[in-house]
Every structure is written in C-alpha cells, then in structure tokens.
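Here come two complexes built around chain A, the first alongside chain B, the second alongside chain C.
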Partner chain A sequence: MRAGRLGWAPYALLLPSLAYLAIFFAAPMLGAFGLAFQDGDGSWSLASIQRMLNDFNFMRALTTTLLLVILVLPVQLVLAMGMALVINARLKGAGLWLYIFALPLGISELAAGIVWVSIFTQTGWLNSILQTLGIIDRPIIWQSGESQWLLILLVVIAESWRATSIIMIILVAGLQSIPPEYLEAAEVYGATTWQKVRRVILPMLRPTLQVALILRTILAFQVFATVVALAGTGTVVLAQEARRWAVVIDNDNVAAAYAGLILLLSIASTLVFLWLLPTREEERQ
Partner chain B sequence: MTARPASARPGMRRRQLGRALTYVAATLLAAFVLAPIYLIAISALTPPEIALTQYPRPLVPTEISFDTIRFFLDAAGVVDAFWRSVYVGIITLVLALLIGAPAGYAIARYAFRGRETYRLLVLSTRAFPVVILAIPLAVTYIRLGINDSIIGVALMHTALALPFAILITSSVFISVPRELEEAAQTLGCHPIQAFLRVSLPLALPGLAAAAIFTWVISWNDVFAASILTLREPTLPARVLTSLTQSRITFQFAAGFIMLIPSIVVIFFIRRYLLGLWGRVVK
Partner chain C sequence: MHTHTHTHSARWRWAGLVAALSLALAACTTASPTPGGGGASAGASAAASTDGTAGGPVVMLSTQLGPEEEQASMRDAILTGFDGEVEFVASADAGVIAEQIQAQGEAGEGDASLIGALHGEFSTFATEDYLIDLSDLATELADVGIDENFLELGRLGTDQQLYIPWMQATYIMAARTEALDYLPDGADVNDLTWEQLTEWGANISEGEGTRALGFPAGPDGLWHRWFQGYGYPAFTGGVNTTFGGDSAVEMWSWLTDTWQYVNPQSTTYSEMSTPLQSGEVWVAWDHTARLITALQDQPDDIIAFPTPAGPEGTAFMPVVAGLGIPTWAPNPEGAREVIRHLLLGETQAITLTEVAFFPVISGDLPSDLEPGVQAEQDAVAAQTARDDALPSLLPVGLGDQGNAYNQVFRDAFQAIVLDGNDPAAVLESQLANLQAVFDSSGAACWPPDPPSDGPCQAQ
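Now for the complex of A and B:
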C-alpha cells in the first residue's frame, strides 16, 4: 500500500549519493585512464605508459608492492582469524575485547607508520628492550636500508598491526552468521576445537573470507604512508611513485598510468580470489 | 556409576583448559594492539632532551612533559595545518551525512528494485584505489581554481567517506524499529513528519557516531591530501612532507596527535562496527 503511494521515494533518497559518486568516482576514474593514454601535450599516445614501464623505479616499485601484498595477507589473515575466534568464544567483557581489537581500524597509515618508527628507530623501543634484557650490546640500525628485506619486514609488521582489524570485523560478522546448532552438533560428536575450526567454521566462512581477502588485497596495493614513514626512500611502492610523478616531477600522465596500474592489479586480484575461493552458488553453475 | 564422573571430568577439564588458553590468546592479541599505542604516547610525552639522549629508554617514563608536543605545534605551519584538517573534516562530515543519510535511510526502510545492486555499488566504491581518484581530480581542480583549497580536499574526502556514511546510517536506521514510524503514520502523521518526530530523535546518537567516523576518515587521509594540497597542506600532508628533515621527536608528537581522534572515534562507533562490513555477506 505504502509502496504504491511512495514508490519513487527510495529512488529520490538515493539520487544525491548516486550523483555524487558519478562526479567523484566515475568521472575521475575515466579521467585517469584518459590521462594515462595521453602524452604531455594532450594528444593520444602510449608514451606515458611507456615512460612508466621504462622508468628506473618501475620494476622495483612493482615487485616491492606485490611482495608486501603477498607477505602481509597471510599474517593478517591468521591474526584476524585468531581475534575473531576469541570474540566468538564470548569471553567475559566481549565488548571490550572487540573494542581493543578494532582500535587500529581508525588509525591512519601515516600515524601507524610513525608509531612503528618509535619502536624501530635506533634509540627506539625495540632496541631499548633488547638492550635492557642484555640480548644486544649496542643498538641495531633496523631502518638502515642496507637490506631491502628488513625494510619490507618492518612495513609488514606495521601493516599487520594497522590493518588486521578490518579483516577481523568482517570475520566476526561472518562467524556470527554460522548457526550455533552446527557447532553444538560437532561438539556432541566429540569434535576438538581444531576440528570445529577446520571442518565447520572455515567451510562456512568461505564467502566471508572471500570478501575479506578481496578487500584487504585491494587496500594493500595502495600501501603508501607506512612505507614512507618507515623506509623513507629506502624502498619504493607503486602509490609512492604515483605521488612522485604527480607532485615532484609534475607529470600527471605518468602518475595516472601508475594509478591505472594499481586499479588493474586490484581488479586482477579480485578475479583471482573469486576463482580460488568460489562460493557454493558459483560452484553450482 | 563410577565410570561416568571419571569420563566427564577430563572433558570438563579440557574445556576449562581451552577457556584459559582463549584468555591467554586474547591477552596476547590485545597486547599486540595496545603496546604500540602506549609506546607512541610515552614517546610523545617524554621531554625532548630525554627522548633524544637517553638509551636504553625505560618502559615506565621517569618524567612526563608536553614539551615535545609544544615543539611540534611551534614548527612552521603546523597549527595552520591542524586547523585546516579540522575544517576539512567538518565540511566532509556535513556533506557526507547530508548526502549519505537519506540513502542509508532508503536502504534501511524500503524494499525496492535495485536495492542490492545499489548496496554492492556502494561497497565496491570502498574498495576503490584513492590513487586513481586523486590524480585526475588534481588536474580538474587546477582548471577550476580550487587546487590547494579546503573545499577541494573536502569534496574529495566526501567521496571517500560517503560509502561509510551510507552504510553506518543504514545500520542506525535498521536499529530504530520501523513499527514506531508506522504507528505514527496510522495516527495521521505524514511519512516525513513521522520520520522527523519519531525516527530521527531515536537515530540521533547513531547519526552522531556516523558523523564522527566520517570526520576521522577525512582526518586520516594522507595520499589525496598530499596531492591536492601542496602549499596549504592538511596536517597529515604537512607531516608527510617533513618526515625526512624533521627531528625524531617531531614525528613522535605528530604521530601521537594524529592518533588520538582515531582511538576516540572507535569508542563512539563501537556498536556499529559490525554493521560497517557485517552485512557484506548474507
């Protein structure tokens, strides 16, 4: 009855947001591809993309970014799963645990990077603790940049700290949608905790895991300020190169080529996860 | 008779042990989250002369002072950048709620064709690289003459915050029983009146939480701001450009100040956390 009277109402309410997203999402996205396929004079060419591909930093930025994504994902997945299972166990003060685990959700990349600088810097907390315990006798220079791997490891730790909570939130919501009868049944048949996780929770959580992995991977391709804070110019990632071309070199075309590459990698990773973790409906087809 | 308690006891002991282990895991994970926050706090609250010279540093600070933070705020342009960030956040908050709350209300209250498509669209914009928005917008802004301006950054931040504003407000409106609104309508209220008099007051605390969250999304952005504001930067953009030249204590204070709102906001939106992403998967 009401639908007949006000059938247009929901569309009218959605309209402003759709218009805004068209102007500030769709248009810039098309604009970015336009810029990437133009040269400095505004004529269509592949020159900007070639310039990106031939740039001295390109391969290093690409491999470092991919490496970070590959290293950070499993760590975050295990941590987030641990947190989500803890929340789901309904300990005393469940709300407090959720609040603590969710804290980094609001913390910016830059702030998170600086937080870990205070730990890894030469006279920072890690060295202070190791020295006090007598494990080292002089401070170790963690951020020296002599080893790419060490710098990448520092970024992986900082990113695992900062961005695990978003996966945790998605997993908690997924866990709550598993009917408790399933776990009770498993318990009646004498399943251990590990068996419950392996045989009931993980299979039922597959669609949730798919979403969490897709989202986190896409965000990981944009990693930027954590790297700048912890590694300075000791290592480069794609977003950093996009900014360098836009701001320092002042060539928006090459910058847009980098942005387009990040978007393509995001789409490719989404397809990979859809293919690796098909949900049941997709399997049936 | 005697066999039964004997077999029940190991099962119960195993469960108690499992419970205890869960508490241990919870404590370790919580320590991993909280320890770095504590460490940046005492880094920023230690007087600079101690922070720069003392090594190894004690985990319980011997002296607390605001000198490091004052030194940070006295650095050129920092206070201006701070207020710029506050204003950009406020404009973002107002725009995102004005545009997002009606949409959130629509998906919470109406069953209509295209609702799921719209929800998926909103969610997918969340997964969109900021990088690809900021660079073409910078070009457009120069053409329009709003580069390096508060409004320019705020418009971009609204695009980032809008999906969140829509999702949080929709979970807020879902939590307000629609029966109340329908009751008001059967008693003769116009739908708009019913919304203003019944649903809106009940939704107000949740809307406030959504507002604070959109403000923090703006406060946190560094990539877009560092491309759209060069001469008149927001706080994160200002901090980013001086990372390599600044003293380490400058960074500690900057990190701590940028961190505070982020921690406060999670407290205010804690009830809506699961709604943010929760209903992604049905």
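Now for the complex of A and C:
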C-alpha cells in the first residue's frame, strides 16, 4: 500500500547503490569465485580447489584462523560490553574514556602488530619489565616459531587490543538507543545492576550484538597483518595464504579458492549469528 | 519502539563516535599492506611524466635494493651525483618488479628504460628477447675495468652484451664477540665447518642458557638462499639433482639437530642485523647487505667471517646484479648515462658503503673503508679464496617461478625442522613440487648441478 503511494521513487533511489554494489562487489566476487573453479589455462576444473586442499599449509591456516575467531570473539565481546557499560554509565569523564577506548581504532593493523612485536620480542618491553621485577631470570621467547599456541595467544591479545573498540562503539550506539524508561521501570521494581544488564540491557541489545558479532567475525576471518608481524612464518592464517598464492607463487586460481573459502566462512558465520540471535522482527515472521 | 531521547551530552558523544569511526575507516583504507604497491604506483606516476623519445626521467625498474633503506640509499646517495633525473622503482618483494618487467615485455611497451636485476633474472629476459645489445657500451667502459668473468656472464652465452655487470654481493656469517669465547676447542672462526657451528651453538647454550644461533627465516628473510647456496651444496655437492638423496637427508638431520641451538624467534627475522645488535642472536648467517647495519653500527662488538664448510666444500652463493636496457625503453640514451654513472669508481665505492654491494670493477677500493664494510670485504675475500670453494649460482631461468621454487625449500623446512616430520618422506613429496617448477619454467639445471638438456630433472 505504501509502495503504491510512493510509486517508483524508492526503487529509483536504490538504483545507484545497487549499481555500485553490482559493479564493484558482486561482479568481482563472482569473477573471483569463477577463478577458483578454473585451472591455470582458464578451463573449468576443480584442480585449484584440490591444490588448495592438498597444500601443505592449508590445514594449518584453516585451524589457526578458526581458533583465532573462536578465541578472539568471546574475549572481545566481554571486554567491549564492559567498556560500553562504563561509557554509558555517564560517569564523570565518560567522554575521555570513550576516546581512550577508541584510540586503537586509529592505528592500522600492521602498526598495531609492530607495537605488539616491540612488547613481545625477546628484548622487548614485556621481558624487560618481568626481568626488572625479578620475576624471570632470562628472557622468555614469546614469538617462538615452535609454539603454535603461544603465537596464537599473542595474536589474540594483540587483536583484542586492536579491534575491541569497534565492537564497543557499536554497543555504545545500541545502549544509547535503549529508552531510559525501561531501566527506570526496572529500578522502580528494585532490580540490581546485574539484573538490569541481564534482563533489560542484553535483550534490548540483541540486534546490536548481532551486528557487532557479524562484523567482527567477518573481520577476524580476514586477519592478516597482525599475524604476519607477530608470528612471522611461525603460523599461517587463510588471508596470508590467499596473499601468498596471489603474490608470491603467482597462482590466482588457488588464491581465489582461498578467498572463496574466506567468503564462505564469513557467510556461514553470519547465518549462525542470525539464527542464534534473532531480532524481534525476525522472530515475528 | 525506538524512541530516541538524545540529550545534549548524548549528541556530543555521538559526534565523538562519528569521529572515531571515520578514523577507523581511514585506518582501514590506508593501512592495507600492499607489498610493492609503492613501487607500482611510483611506476605509474613515472609513466605519466615520461615524455617518450627524448629526455625525461629515466625509469629504472630494479629487483635489487628493494628494502626501504636500500631504496633510500639509492635515491639519496648513489644516484645523487647523476646529472639527470632517475625514477628508481623497486620493492621489498622482488617478484613484483620482475612481474612488471615481464608485463611490459609482453606488451612490448612500458615506462622502463633501465632494468636492474640478477644474472638469473636477466637470463629469463634474454630468452624473451627483451634486452638490447650493449656491446658498444661495454667497449666504451673498458677502462673502468669490469671483471671479465662478470662480463662473460653478462653475455648470457651469446655474442651480445645483454647486461652490464653492476654490483655483487653474497651471504656471510656474523657474530657478536662475546660468542667467540664459546668457540669449540681448536676451531678457527675463519675456517669453520657446519658441524663446528652446531658445537659452537651447543657451547653457548650450555654456558648462557640461550639459543644464540640465528637465521633469517621470517616472511621477508632470505632463508631459502641458505638451502640453495649453502646447506644443500655444502652437504650434497648439488641442489636440484641432489634434492631428495641420502646426503640431503643428512643435511636436514644436521639442521634439525642444530635447530635446538637456534633462537626460535628466527621465524620472525627478516634480517639479522637487528637481532645481532640487540643480542638476541650471537651468531648469524645473512646477506652482506642485510648484515651491514650491525657491522657498521657496532664494529667493535660484531665481527664478520666466512661461511662454514660442509662435507662437499665451502659452498656459497655469489650474487651478481646487472644493468640492462629493454627493447621498449623510452629513453635508452638516458639509461646509458645512468649505467655510466653507476659504474664510476666513485659510485661503486658509494654503493659499497651505502648498501654493502661490492664493486664489479677492478681498481683499488678506497683505503679508508668504514670498519663494517672492511669487515665484510675481508670475510667475502676469505670465503671466495677457500681451496674448497664451491660457488652455487642463484637460480637461472626460472622466470615467474622463482618464488614457487623458494617455497619448496621453505615448506620442506617447516615440515621437517619445525613440525618434526621425517625428512625422506617430506623430500619425496616436495620433489614433485620442485619438478613442477622446472617443467613450467623450462629452466635447465645451473651450477653446481650438472647442466641438463631441457628442463632440470629434480632428484
């Protein structure tokens, strides 16, 4: 009924962005997907996919990437929620906190990786401090190529520092859109802070959480520079492999297969979050 | 349900959010690390400013001097005496530049007037007929005394001078002086074997409790060259034709055994100067150009010495870089001028001091060499003059398969040494990848492997 009144206008207004998406996103994406299903000569085959699956680094890259996503997300979510609540509590100087929390957003992924290298390297800040305090006798080698778990832990720490604020900002936006009447009502009925968070804020934040989680997961599947800076050749992630096949080995087909895999994982995780955290509108349908 | 109740302070906070988000977006768009991106864009801008036939800046595409500091040295020191404008285009990822040259060659046109590359890369360009004959220039340059062996290399087996030798380098060892106390009994640092290096590492490990040996096994490190020019030839006498044999398994066993004395952070090292200077590593192997910072900055604490020997001899990899002019050069005369400048005794000396690539011309080096440069010069001379010297060339004729070739060695290292797989089994599976590189590039075997008719056969 509404659409009838507005006629063709909404569609015309949508057209430029649709055209933009089609030309600059959909077309290259389909092209890349097509590349993945071709061999070096351009004929259709599964050879590139097979080469990816059989590659020496494939399983390492896949498991490391999945591990990173699984480890980074909960840490960041909890941290971001805490930070967002601090900001939203409108304490004195809340604005200052916002800027401090948002600071890592202004730093590039690679620069953040390098900052953390200066902390974790053998002669870095962490070892210096621990040694000065007398906690360790000689430096611990954190960035050891022989310990996958340690390297993954370092990346989780660096990524948590670097990218928690993006979730926080989305959550702050969500928190500020919760009408204060709800919280006031909860207060009237004597709800504790924890009860307010658990029963009012979190349910109302659901759509926001969904957006934040989807965005962050997709970004986590693309993690690259932090890993390169901190782990060197000690561990690999999918994005690194995609780059390696494209730039170093110069095989665009296998690189496209990796890119396609990252895309599939991103879509799958998006669907999972849509299913896990249905928003009101979706529930009604 | 969305009743927005923005207070004044909330609105102010929103402005902050918007600012922070736009910062974040700016970071996203500017931060993506595109290796060689700088080089590519420099090339593109150069294309726009070159005016075709006469004059204009000489665009030089170089697979050498790619790291940022080396590029800066080239622009700010080596080329400053040149009377003319040179757009020096290089990248930390040499493959990117090789691809650009290849692309311009395939198109038959481009902005490059001068190519700086390694011997092996020129051999690929030569088979594609990308290079013009520079015999006249070689004759003209007779009095600067370019080494005849290098000139011969520059003819690439033809009767034409396809490139003019430019500079040479190699890989050597360096150590902090503290480490010398731990040398194995009776060992001479200038005449070591790889077995003695292990012992040396073990001694330091025992005395200091640290794993003090170091190799550049990080993403941008030249670790693969150790296998191709040092480890393999020293232990097996060859590289590609001895890739999977028993002596190769011995080399890998040696490395696996030695790795317990190697700093495990080696997988992050792109160059060994920094870890040597910080003391994370006491004994290291790397390219002369990548060790020079440490040797120059701390000449009293860090020494250079020749590479150790293996059962088959003192294998080392001489690196010869040259200068060639592509057939499509928009400014070939300007390019010749740049070549003349780069081969001046004075420029060669500056090149040595700045980037630790050694001269290819005869004539005395300046006697007042800086201590770090002098140390490298002595180590290189000692390494080359060994009775059992076994020079192993950089890959020849691999074309765009160069990185895939390197990857074979790096993957084998990951699988055998870091992941602890059985060497024989890993080498068996990597043989196929190695052969695929030769089959798709058509490269024949190069020294120290015996020459082959047709593509090299990996064994």
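Keep in mind that, in the parts below, the second predicted complex is superposed on the first by the 262 of 285 C-alpha atoms of A that agree within 3 Å, B and C clash if a C-alpha of one lies under 4 Å from a C-alpha of the other, contacts with A are read in each partner's own complex, and residues count from 1 in each chain.
We take it that a contact is a pair of C-beta atoms (placed from the backbone, for glycine too) under 8 Å apart; a residue touches a chain by one contact, two chains touch by 3 or more.
Predicted, not measured: the structure shown is a model, and the values here were computed from it.
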Room on chain A for both chain B and chain C (clash or fit): clash
Per-residue touch tally on chain A - higher for chain B or for chain C: B
Contacts of A:Ser144 with chain B and chain C, given as first, second, both or neither: second
Which superposed partner A:Val86 touches (first chain B, second chain C, both, neither): first
Partner chain(s) touched by A:Leu263 [first = chain B, second = chain C, both, neither]: first
Partner chain in contact with A:Tyr99 - chain B first, chain C second, else both or neither: both
First, second, both or neither for A:Phe24, with chain B first and chain C second: first
Which superposed partner A:Pro207 touches (first chain B, second chain C, both, neither): first
Touching partner for A:Pro74 - first (chain B), second (chain C), both, neither: neither
Touching partner for A:Val228 - first (chain B), second (chain C), both, neither: both
Which of chain B and chain C A:Gly42 touches, first, second, both or neither: neither
Interface residues of chain A shared between complexes with chain B and chain C: 95, 98-99, 102, 105-111, 117, 121, 123, 165-166, 169, 172-173, 176-177, 224-225, 228, 232-233, 247
Contacting residues of chain C [partner chain A, same complex]: 1-6, 9-10, 12-14, 16-17, 20-21, 23-24, 26-27, 30-31, 33, 35-36, 93, 95-96, 99, 209-211, 217-219, 263-269, 275, 278-280, 400, 403-404, 407, 410-411, 414-415, 418
Contacting residues of chain A [partner chain C, same complex]: 56-57, 87, 90, 94-95, 98-99, 102, 105-111, 117, 121-123, 138, 141, 143-147, 165-166, 169, 172-173, 176-177, 179-181, 224-225, 228, 230-234, 247-250
Residue ranges of chain A in contact with chain B within the complex: 2-3, 6-7, 9-11, 13-14, 16-18, 20-21, 24-25, 27-29, 31-32, 34-35, 79, 82-83, 85-86, 89, 91, 95, 97-111, 113-119, 121, 123-125, 127-129, 131-132, 139, 161, 165-166, 169-170, 172-174, 176-177, 193, 207-208, 210-211, 214-215, 218-219, 221-222, 224-225, 228-229, 232-233, 238-239, 242-243, 246-247, 252, 255-256, 258-260, 262-263, 266, 270
Residues on chain B engaged by chain A in the complex (per definition of touch): 18-19, 22-23, 25-26, 29-30, 32-34, 36-37, 39-40, 43, 52, 54-59, 98-100, 102-103, 105-107, 109-112, 115, 118, 121-122, 125-140, 155-156, 158-159, 162, 166, 191, 213, 216, 219-223, 226-227, 230, 236, 239-240, 243-244, 248, 251-252, 254-255, 258-259, 261-263, 265-267, 270, 273-274, 276-282
